[in-house]
Every structure is written in structure tokens, then in C-alpha cells.
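Several structures are given next for inspection.
Note that chain A is present in both complexes that follow, paired respectively with chain B and with chain C.
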Partner chain A sequence: MTRDTTLESGQEKAQYLIFNLRGEPFAIPLLGVKEIIEYGSVTHIPNMPVFIRGVINLRGRVVPVIDLAARFGEPPTTVGERTCVVIVELQDEAGINDMGIVVDGVNAVSDIPASEIEPPPRFGAKIRVDFIQGMWKSQDRFVIVLDQARVLSIQEINQLAEMMEDGPAR
Partner chain B sequence: MFKNMTLRTKLAIGFSLLVLLTTAIGGFAIFQMGKVNDASTEITVNWMPSIRHIQSMNTKTSDFRIAELMHVISEDPAQIAGLEKKMDSIKAALLEDRDAYAKLISSEEERALYEAFANQFDAYMEANARMIPLSRAMRTGEAMAIMNGESQSLFDSYSATLEKLVDLNIAGGKAASENGDVMYARATGWILGAVLIAALLGGIIGVVIVRSLMRQLGADPSEAAAVAQRFAAGDLSEELKTRDDDASSLLAALKTVQGSLRAMIADAGHLTRAVAEGRLRARADAEVHQGDFRAMVQGINDTMESFVVPITEIQRVLGAMAEGDLSQTIRASYQGDFEQLKIALNTTVDKLGETIGQVRSSADALNSAAEQVSATSQTLSQGAAEQAASMEETSSSIEQMSASIAQNTENAQITNGIATQAAREAEEGGTAVRETVQAMREIAIKIKIIDDIAYKTNLLAFNAAIEAARAGEHGKGFAVVAAEVRNLAERSQSAAQEIGDLAGSSVDRAERAGKLLEEMVPSIVKTADLVQEIAAASSEQTTGVTQINSAVNQVNQATQGTASGSEELAATAEEMTSQAQQLQELMAFFRVAGAGAMAEHPVAGKILSSPAPQPRIVGAEKHGPGKDQFIPF
Partner chain C sequence: MTLDLTAAMQTYAAESQELLEEMERALLALEAGRQDPDLIDAIFRSAHTIKGSSGMFGLDAVVAFAHEVETLLELVRSGQRTIDTPLVSLLLRCHDHIAALVNSPPGEDPQADLLVQGDALKTELQAWLGDASDDDRTSENVWHISLRCGRELFRDGMDPLSILRYLGTLGELINVTTLDDALPPIERMDPTACYLGFEIDLRTETDKQTLEAAFDFVRESSQVHLIPPGSKTALWAELIQALPEGDDKLGEILVRTGVLTRQELAAAMGIQVIDSPDKQLGEILVEQGLAPPEAVKAALGRQAQARRTGGERYVRVEADKLDRLVDLVGELVISSTVTTLRSSHSDDRALQEAVATSARFIEEVRDAALGLRMVPIGGTFNRFQRVVHDLSQELGKQIDLVISGGETELDKTVVDRIGDPLTHLVRNAIDHAIESPEERLAAGKDPRGRLQLNAHHENGSILIELSDDGRGFDRERIASKAIERGLIDSTEGIPDQDVFQLIFAPGFSTAEQVSNLSGRGVGMDVVKRTIEDLRGTVELENRPGQGATVRLRMPLTLAIIDGFLVSVGDARYVVPLDTVEECMELGTVGRRDYLDLRGEVLPFLRLRDLLHDTTEAPARQSVVVVSYAGKKAGLVVDRLLGELQTVIKPLGEVFSALKWISGCTVLDVGQVGLILDVPVLVAQAERREVTSGHHAAALK
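Right, the complex of A and B next:
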């Protein structure tokens, strides 16, 4: 799913998965999600950037797990009862890859009309502006709709991993 | 003169004489023994060695002649040389003997014989000197001629001379021995005589000393000592035997002493018996005794005399006292203890008089006092009766008090039981609440399981929604079902959460209830304790009231006792009055020196130098059979 597709869909609705991260609701398109599993058995990999929690064994395949909070430059997520790993598909020039995202809890699946998504603010958000695709106003608060391709850019992650191999992570 | 010497001098002289005699006899015996010894010494020192030397010379001359003859006979030059040497040695020994003997010669006759022997022997030796060269030259015939001729005659003659010398010496020894025998016999005679004289003298001295001693003692010394010891022990019973003409010996003196002592003891015994039998007028005749014995008997007489006078006076005064007359006294003055006795008697009479006067006035006072006692005892009796009445009232009030206190005790005990039960029930309530809390906690845990199931169902519903979305148009119906399931899961989750919250808040409330109950228990226990204390205090009160009750009863009894006692007292007071009157009558018997309280009674006695003071009541008096003592008031 790309930004163009979303724009093309116009007035059409699309389904989004709404989840919690450090008390804030975030949304990602439901079509990019493969499944949701409970957090557990994450194997830590040394010498990786702090936002890479490790890898899990998902039915025989090795899937890396990203800590979104850490990716946003905040302290790493503390694992709780409702902590889940959302498995998403990422498509780039190398092909389709699966990747896990650690979230504090899954809230809902919502149909959001494209017209209700507003452009991201220029400043004032806690996270990098280029990670934000837009803002959706729910009943009482704003839900940040993430730009999945930027947040989980494999290229950028690899660059960061290489930097880790060359020197300290931060 | 010998009679007047002391025993010591007599014994000294006697034994000195005996010692002198013994010493003289000893000296004489030693002198005579010396003479006998001289005779025997002469035999040993002079005659016996002379005989030995002469015999030795005789033997050696024979040896020498044998050696000469062998020399003549022998033809062996070696043997001849040996024989010559032998002859020289024999000759030397012979000459030695001869010189030794020459020194022992003791008479002229012996000297002449010895000279003859010496000349003959020298002539023989001269012949020998001539013969030896002939023999050595083997001129045996010539040598033998000398030997058988000249030499033989010389040998025979000096041998005879030697025999004569031996005889002479034996005769000399025999004479010396006979001389010793004579001297021994003479000395024996002398010594025997001297011993006989000494024995005789010793006997005479002993008899003289013993006779004089016996004259002085009058008996054997041991017997005299035994008599003196018996006297010392106070035994005068044995009769002493003395010779008829003996007036000056020790025993005679002891006999006189015995007689005097016996007479004095007899007199003293007579007087002592007289005193013991009360015959104070008996006396002993002092004139029959001598010296100090007389003084002693006279002293006993005087002693008795000094007893008689005061005792007569005392008899007189005591006789008057027996008649009731207390005015008589002893006026003469005595010495020492008799004076003390007189003063004591006079004082006794005075004091008795004074006391009787006081007894009289006491009896009067007693009379009026007894009346007062009677009145007082009646008042006392009345008061005791009133006291008894009020005591009974007090007693009934206390019994009522006792009943109400007992009621209190019972109530307190019941309350105590209730409080204890309440405490127990509160504890049980606390336990129930704790169990409830436990149950609530378990419910909360179970609810958590339901919550988890709901969450997992929710996740499954999400995944179903994802699958449905990915299925596109085909998944639309499934998406609706998934949404419904998710909806149900969320509802059950929220319901579970509500139940959990309710359970949590219920736990809090139940815990609070339990805590309140637990706090209640100590209060109830404290209440129970206090109620118990009240019960105990009530019991103590009961005890106290019982004690008060018994005390009141005792007071009641005492009051009754007082009432009856006061009645007895009244009776006693009357008795006392009559006894006092009796006493007054009894006292009228005595006549006392001085006017005193004698107004109603005639006074028979004489008035003494100091009139008795007016009798005063100074103390308590016993009278009649009464056992109570009254202090007059």
C-alpha cells in the first residue's frame, strides 16, 4: 500500500489497525498486516541498533522485531501483559519481507475514510515528521497514521545496523 | 655429853669412826700383801732365771764336749771346719748365759762357786785350745789323750760345780717361798683382828644411837608419824601406849595433847547441844582447861552469854505483839548484828503499827468507795443495754448491705459471662471475614483467567479481521463475524474487569470489617476484665461486710458481757462494803503507839518517843475473799 493508492481511493474507506504505544494511539493500514501474535520468545541479537529487539521464529521463518518506541527515539518498550507483536509485510526493491513491530496493545480495527485523514503537522509532534502519513481524529483524540514504508525502511535499518558494526550504536 | 648431841652429830661421829676403822684395816692389808708380793717377786726375778741359765750352761758344755769329740774322731776337713764353727757358736752362747747369770748372783757363797766354775771352764777352754790344732793335724792319739785326761777331769769338776749352783739356787727359791708363807699367815691374823674390832665398835655405836633416838621419840618414828597424821585428820579415838617412866618423849607429849583436846571437844559439844536444844543458860567450866584451850572454852561461854540478853528482850517484845500490843520496843543497845536485829524488830513494830492505822482508814475509805462503785455499776448496766439495742439495729443494716453486695457480685459475674461470649463471637466474626477475604481473592484470580481468555479471543478476532480484510470481497461476511466475536470478547473482558474491580473493592471492605472486628475484641476483653474486677471487688466487699458483721456481733456480746459484769460489780460492791466493816472490827484488836484513829478503841500500849503519823491511804489493800484490787478514788 502506497500513499498514491490511498490518495487514489479518494472518498473510499480503508481499514486501519489501531494500536497503543506509550499511551498514544497509532494506526497502520490493515492490508499491510499479516497477523498479530502475543509477545514472547524474542531472541536478542548483539551489536544491533537499540530499536531492533531481536528475531522471532514465526512458523519456521526468521522475522526481525522492531521496537517502534525506540525507533521514535524514546526509551524502549517495557513488556507487559498486553504487549503484542504485529507482523507486517514490507515491499521494496528486494521483494516482500515480513517484520514484527512491538506494540503496547491492539485497540481496534477501524474503517477510516481517506477524507478524514489530515496532513501531518509541520512541528509539535513527538516523532519525526516524515514518519507520519497523517492524523485521524477519532471520537475524542487524534490517531497518528504512520507512514509504514518510511518507519520500517529496510534500507535505513540496514544502514543503522552497519553503523553499529563500525562503531557504537549511539 | 653424848645425850645432848643432835641426831645428826651422833650419826656423823658413829659413821666417821666406822669409816676410819675400815680405812685403817684396808691400809694394813695392802701393806701386808706388798710383803708377800716381794717374796714371790724374788723367786721369779732372782732364783728361777738363775736356775734356767745354769741348766742352759750345763747343756751347752755337754754339746761343746760332743762337738770336740766328733772333731777328734772326724777325718774330713770339711766336717772339721763345720764342727769348729759349731763350737764357736756354742761357746759364744755359753758365755752369753754365763754373763747373764753373773748379774743375778745374790750371795758370797754363790759368788765363790761361780768363780770356781769360771776358773775351771777357762782351764778347760785352754785345754781345748791345745787339743784343736792336734786334732786338726790328725794327731788323734795326742788329742784323745788330752780329751780323756786333763779335759775329762776339768769337765767333770765344772759339771759338779754347776750342779752345786743349781742346788744353791733351788734352796734360795725355797727359802723365799717359805718367807712369803710366813708373812701371809701373819697378815691374815692381823687383818682378822682389825675386822673383828671394827665390827664390835660399829655395833656399839649403832645401839647407842638407836637407844637415844627411842628415848626421845617414845616409839618408832613411823608410829609417831602415824599418830600425828591421825591427829591432823581429827581422829583422837586411839589410846596411846607409853612406858611407865616416860614423861618427856614425843609420844608422851602427843598423849597429853590428845587428853586436852578430848576434854575441850567434850565441853564444846555439850555447849553446842545446849544451844541446839535451846538451853541458852548452860555453861562449861573453863578452869579445868589450860592455856589457849581455856581461852577457847571461855570464849564459847561468852558467845552464849551475848545471845541470851537480846533474845530475852526479843521474847518480851514479840510476846506483847502477840497480845495485840504494838507499843513495846527494845531500848537497850547492843553490838553488830544484834543491834541490827533490834533496829529491825523496832522498825517492824513501828511499821506494823503505822500500817494497821492506815488499814483502818483504808477500810473506811473502802466502805464509801464500794458504795460509789455500786452506783456506777448500775449506770454502766443501763448504758450497756442501750448499746446492745443499737448494735442489733446496726447488725440488721449490715445484713441488708451484704445482700445487695451479693446481688452486685452475681450481676457482675453474669455480665462477665456475656462479655466473654461477645469476645468469642467477635473473634469468630473476624475469622469468617478473613475467610471471605480469601474467597474474594480467589474470585479475583479466577476472573483474571476469564480476562485472559477474553483477551486471547480478542486477539483471535483481530487476526480473523485481518484475514477477512486480506480476503477482500470474499471475506466480508467473515469480517462481520470477526467483528461480532471481537465485540463479544471485549464485552466479556470489560465485564471480567468490572467483576475483578468489584472483588478487589469487596476485599478492601471485608478487610476493613475484619480489622474493625479485631479492634472490637480487645475492647470487649477489657470490658470483661473490668467486670471481673468489679465482681472481685464485690466479693471483697462481701468478706469485709461479713467481718464487720462478726465484729458487730462481738461488740454485741461484749456489751451483753458488760451488762452482766456491771450487775456482778454491783453485787461485789455490796460484798465489799460488808468486808470493809469486818476489817474495821478486826483492826480494833490492835493497840498502837500514839493516838491515831484509836478514838473509839482503848489504847493499852505505851506511847513511844515519836507519835505515829496520821494513817494515810497509800495503796491498795486485799480484804476478805475478794479477788479484785481497787484503787481508791
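Right, the complex of A and C next:
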């Protein structure tokens, strides 16, 4: 995996993985993508936010799987033939964690120059604005470039899960 | 050349720590009255090795101080000084000083007060040395040393220069000739390899053993030859034959440095090589009348012993790498189960046999991999010798600590984390349980108290016991304190065991006077929590007036769990087997969630509700009766799937809010099963009832 970055010149560009979710294209940086696997054998974990589909066994490691559609407040993804799980590596205060995201299909890898990424629309995307890093015009349509750290924030998941743990008890 | 010494420094610190511990242990054993030359050897070895490795890092303060200690120890070793309590106590203080020096931040000079302290100790050491320095060895003691460095020398972290420097501290270096014959042409030279050789003449009064010890760290990789003063020419001949350089060259060096005269050299070269070149140096020494046979025998014996005790050689491996290995092996076991299953469906007998063989090996690999995480508890136990020694002196008590079962192996994590709770228990026993000598005499006991630390295997777990012969637990005192603290209302009908367990309640303390050791009421609850975090339990046994025993039951390993597999809907869960009491069928129950267990009221939890499982419940459900810390509860599940032994994996940060899951495991079909944390489940259920009860009451 190579990444072509020239920070100073303004010619900065990076590779992005373009995938499909409910008919719309989204992009995440390719750098953190470890592998893409077929969807299957997800163990459901109860009492977690609905967008946590569960965990999978990835060669002995247990990796949580996130349903992106559900994370965006839409109905959970229905599993089809092209459904797959993109395994990404996240690095934050909590350390390095792998996470899987469920997508409806993987389309391409594209070089996107930083200058071509437009700021997100102030409203209208119907996705939390802080999830969107920007928009990229590809041929005839807009690709939503996701702010991976926000979308997959472990801290936020923990807070939601804690609320659920306490919730029904009272 | 700049080197990153951080990693090496860490190894140095860890190694010094171990050596210091060994030294302390030996000193305390000496103090306890054991007369054993091995102990003195052990102390000497520790001081010496610390000195050697400190020298490599240029820690001059440590080297200088350790040298003084070593000199005194040398006298003890040679029998010129007998070891007695004041000397042991001085050496213990020296030990502490070395520890302080070793632990002072690297790269800085030790603090002034530390140096003052060191000087004071040095003066004391010299006072001991003073009257024993009647040395009768001659000053014309010139040794010849041939060193041919091994290629690995630098890579092993050694440096010939530091050896030379060290030799310089032993005496006067008269001649040092560097041999660069082995240096290959520059283009073929490996800059990390050491190609050098040295011919050294050293005037020293130290003995052969000390000189040899200077090469302890390089002996395996390098060639070292020592020629004692006044040796016969045959020895020189042998030396010349044994070394890789041409005869002439070496001879020239020897002549030039004045070790040999031309005539002697000619004579040496004329002599045929000694009949059997394989002869041990010891034998040659005896043949040449250089050392009495008994001395050689003793030295050989000592070497063999050093090899035996030093035989526990370790490789330091990052814990993460081990965990990864254990993980992979766990996977291997699972995939091998699948392979075995598949092959059993085949008609190919040869295949089945081959698969069975590999499955057997895989299980052995698993056991071996898990064994890697196991370390003996002895190191932790031995720390307490000093604790007991110091505390009992401070409190004016006489206490012996008897340790047994130190070789029992436990998971590294358990060993690392059990130290603090054990320290607390030991301190408590010394402070509270064991009486003062007067009280003991009055009670008709031996004025010397006795603490016993023991570890052994029992039923697949490890039992760590701390026994004392003190006054035992006082039910009444504990009870009244617990009532005073509002922990209970009365003790009526509460069994002894449960009353004693109250000492583990947060904020409990029975010490009438708060001493600075214990009695602040913090600690015992922490002890219990730490043990439980490690999946262990605490039991108390009381012998009123005669003492008490605290028993810590720890799991053999944290990586593997004996579990009981159950299912709810499509999901499968593992209940730790040690919490499972029995299983039964869930008959018809009323509206209330409790059932009649042989006349006992057993509250139960419906896992199905707890997990918000929406699939339809089967007609017949089962109850797993679990017990924890004396409380029983039932878990209602769909099906019982039986026992299994499985590798525990953490579920990861994302699920950290789910306190009732202690981890997960990969089941035979590659699916993930969740491991239930029974105490948390039960505690959560209790809390829910209490709060909902309050709510209901508030509404009225």
C-alpha cells in the first residue's frame, strides 16, 4: 500500500477506498484499511447500540463490526451477495484497535487530491455533519468522504453503551 | 559510534534487580543462622556480576562501591573472616545502597547524600577489612592473558575495552598488545563483529578465580587463556599451539613483552604438544604442580554448581509476543478440531491417522505455549523475607518466615499482581495476628512467632496459603466492629466464615490503634478485589488462640478457562465452570422469579430477558445454579451444551461498557462465544431490584 503525499506543495493527494452504501458512494482513507472480507458469521452482542452488529472472529482475533447505515441513523443493512466487511485499523487514545464496517459493496480505490475535497454542505446530507470530512466530485456524482475517527469513535460507542446498560435497569 | 543503550539499560536494571534479590535472600538466610558456603558464593556472585555489568555501562559509582563489598566478601569466602550478625547487617545495608545506586536515574551522577552514605559504608567496610590484610602473596605476580574475542562479542553487548578496564582495577596492566590479524579486508568486514585479540600482562595479587571471573561474560564466545606466574614452558607451548596466529608471531610478542626469553621460547617450541590436547586446564594445572588436586576438584565442583543454579537461563520475550503465540495456538487447536471432524467423515484411513497424529501434537504445542506464561511463585515469596525481617524488628516481635512450594508455577500476570495483596496480608499477620514475645510466653507459646507461606496445586487451581500461629480471628471483636461500622445489624445466625469475611468489607478495620503498618482499614477490601479480578477466591481458616490461615485460590492460568456452554436463542455463552453448582430443568414457576431448590429459595435471572433476545423461548428451559461468594442464583437458559476448555480473549475497548461480559472465546465452529461474569450479573440484578423497590416505595 503506498500513499503519495506531498504536504507542502498543496498537491497533497491520498488514496481512498470508495464503497457503496444504500446506492450511494462513500470514501475512507485507504491507509487504515487492512483487508476486506466477505460478510458472515457475526456474533450478536446484546445491550449494545443498534449499529454494533456484533463481533467476528478474524483469524483468532475478535473484531467488532459496525453497521454504517445504522450508524447514520438509517435502517440496518440487509445482507446481500456483495455485502462485505472492511477491516480498518483505528489509532486513538484507546490504542490501536481493529474494527469492521459493513458496506453494500466495494467499488474502487481512487487518488483524491486534497484540493478537490470540498467542505461538507451545512445541511441536507442527512448524516451528522461531523461525520463528513468533505465531498469529492467524481465524474457525475458526489462521494462523501467520511471522518473515520468520528464515525468509529470508540469513546462515543462506550458512552452510548453505558447509557443502555444503565437505562433499562432504572 | 553511537548506540541506543535504552534497551540494554532495561535489561541491566532487570538483571540487577534479580541479582539484588538473590543477594538479599542469601543474606537473610545467613542471618537466620544457615551456615552454607553456597550462600556466601551467591552473595559474592551477585555483587560481582552487578559490578561487571555496571562497568559496561560506565556506572562508576556502582563499580567502585561493589568492588569494596566484593573485597570483603572475598575474605569471608577464603575463610579469613567469619560471617556474623553485625557483618550481615552491614552487608544488608550495602545491598540497599547498591540497589539505590542501581535505581538512580541513568545518565546522572548519583545524588550527593547517596554518595555520602556510600562513603560512610565504605569506611565501615574498610574497618572490617583492616586487620585481615595480612597478605603473603608476592608482588612479582605477573599473569599472562591471551584473549581472542569471539565474533559475537559486540553483538552480545560486551566490549573488550571494558574487560581491559576491569583488569586494570585488579592490578597493574604491564603490557597490552592488540592483535588485528583476524581483521578481514575492509570490504568483507562486518562492522558489528569483533575481530580483535589481546595479549595482556597483568601484575596482580588476585587469584586465578577472580581473573577468570573477569571473562565470565565472554567465555562462551571467546578464547581465553590464563598463564599463571612462573608457569612451565609446556603451558606456553600449548598456548601458542592453541591460538590462531602463526607460532612465530605470538612467540615474538611474548618475547617482546618480556614474558619469555628467546631461550625459553625456543625450548617451548621444541616441546612436543602435550600428549592429549583435550586435557582440561585443571588437569594440566595439577600435572604442572601449579595447584593441588583438591583445590582443582573443589573449583570444578563449584563451577558445576554455578552452572546448575545459573542453569535457569531465561530469554526475555515481550509479553505481547507470547500472547500472540497463545492466540495463534488457540486458533490452531480450533482449526484442528474442524480438520479432525472433517477427516472422520472421510474413508481415507491414512488421512485419519495423519490428522489424529497432528492433532495430538497440536495439543502438546498448546500445553507448551501456555506453559511459557508460567513462572514460579518463589521470587514473589522470597521478597517477604525482608518484609518480615524489617517489620518484626520494628515491632519488637520475633518472627520466622517459612516458605515452601516456591517452585509452583502460575501465570505471569497472577504472579506480578499477587505481590501487593500478599504483602498486605503478610503485614497484617505480623502487625495484628502474631503477638509480642511476652504475650506469647504468657499464652504458653514459643516466643518466636511463625509465618508460613506455601503454594501448591489443588484440583486444577493453585492454592497460596499464608498461615500464622498468632491469636487467630476474634469473632466477637470483628462482629462488634462490623456493627459499629454499620456493616451488619447483628451477628446472630451468621456462620463464622461469613463473619470473618467482613474484614474484607470496605472501610473495615479492627486495629484499636492505627499503626503505620496496617489498621487504616484500607487494603483488605483491595486485597479481595485484586484476587477476584484475577479470578481467584479468598478463604479464611481460624484456629482461635492458635493462629489463622488465609487461603488464596488462584486459577492455573488466565489464558484458559474451564467453562460451561449454554445457549440462548442463536447465541452461545460460556459460564465459568468454577461458579457452576448444578443444573436443573426449569419447571413451572409462578410470576415471581424464584424457585424451590430443595427447600431453599433460589432467585433466578432469565438470560433471555437480560439479553433482549426476541426469538421464541423453547418449551423447556434449563437453570444453571451458580454460586459466588456464598450467594446462589439461577441463570435460566435455553439449552445446556456441556463443559469445554477454552482460550479467553478480551472483547476489546468497544465493549468495555458491558461489565457482565468478562471476555469471549472462539468456539469450535469459528463463532465467538461470550463469557459471562457471574458475580457482576448477580450484583447487577440485585441492584436493579433494590432501585426498582425504592421507586415503587416512593410512588406510594
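We take it that the second predicted complex is superposed on the first by the 157 of 170 C-alpha atoms of A that agree within 3 Å, B and C clash if a C-alpha of one lies under 4 Å from a C-alpha of the other, contacts with A are read in each partner's own complex, and residues count from 1 in each chain.
The rule we apply is simple: a contact is a pair of C-beta atoms (placed from the backbone, for glycine too) under 8 Å apart; a residue touches a chain by one contact, two chains touch by 3 or more.
Only a predicted model underlies this, so the values are computations on that prediction, with no experimental measurement involved.
K.L.:
In the superposed model built on chain A, check whether chain B and chain C fit or clash.
P.N.:
fit
K.L.:
Going by the touch definition up top, name the partner, chain B or chain C, that contacts more of chain A.
P.N.:
Higher number of touched chain A residues: C.
K.L.:
Looking at the overlay, does A:158 come into contact with chain B only (first), chain C only (second), both, or neither?
P.N.:
After superposing on A, A:158 lies in contact with chain C but is clear of chain B.
K.L.:
Touch check for A:31: first (chain B), second (chain C), both, or neither?
P.N.:
Once the two structures are laid over each other on A, A:31 reaches chain B alone.
K.L.:
Between chain B and chain C, whom does A:47 touch in the aligned arrangement: first, second, both, or neither?
P.N.:
In the superposition, A:47 contacts chain C only.
K.L.:
I'd like to know which partner A:106 touches here: chain B for first, chain C for second, both or neither.
P.N.:
first
K.L.:
Which of the two partners, first being chain B and second being chain C, lies in contact with A:56: first, second, both, or neither?
P.N.:
Touch partner of A:56: chain C, not chain B.
K.L.:
Figure out whether A:82 sits in contact with chain B (first) or chain C (second), or with both, or with neither.
P.N.:
After superposing on A, A:82 lies in contact with chain B but is clear of chain C.
K.L.:
Just to confirm the geometry: in the superposition, how small does the C-alpha gap between chain B and chain C get, in angstrom?
P.N.:
Minimum over all C-alpha pairs of chain B and chain C: 21 Å.
K.L.:
Do any residues of chain A touch both chain B and chain C, and if so, which are they?
P.N.:
None.
K.L.:
For chain C, which residues are in contact with chain A within the complex?
P.N.:
Checking each residue of chain C against chain A gives 327-328, 330-331, 570-571, 610-613, 649-659, 661, 664, 666, 670-674, 684, 687-688, 691-692, 695.
K.L.:
In their shared complex, at which residues does chain B touch chain A?
P.N.:
Checking each residue of chain B against chain A gives 455-456, 458-459, 462-463, 465-466, 469-470, 483, 486.
K.L.:
What does chain A use to touch chain C in their complex?
P.N.:
Spelled out, the residues of chain A in touch with chain C are 41, 43-48, 52, 54-57, 59-64, 94-95, 97, 99, 154, 157-158, 161-162, 164-165, 169-170.
K.L.:
What part of chain A is in contact with chain B in the complex they form?
P.N.:
Spelled out, the residues of chain A in touch with chain B are 15, 17, 30-31, 33-38, 81-82, 84, 106, 109.
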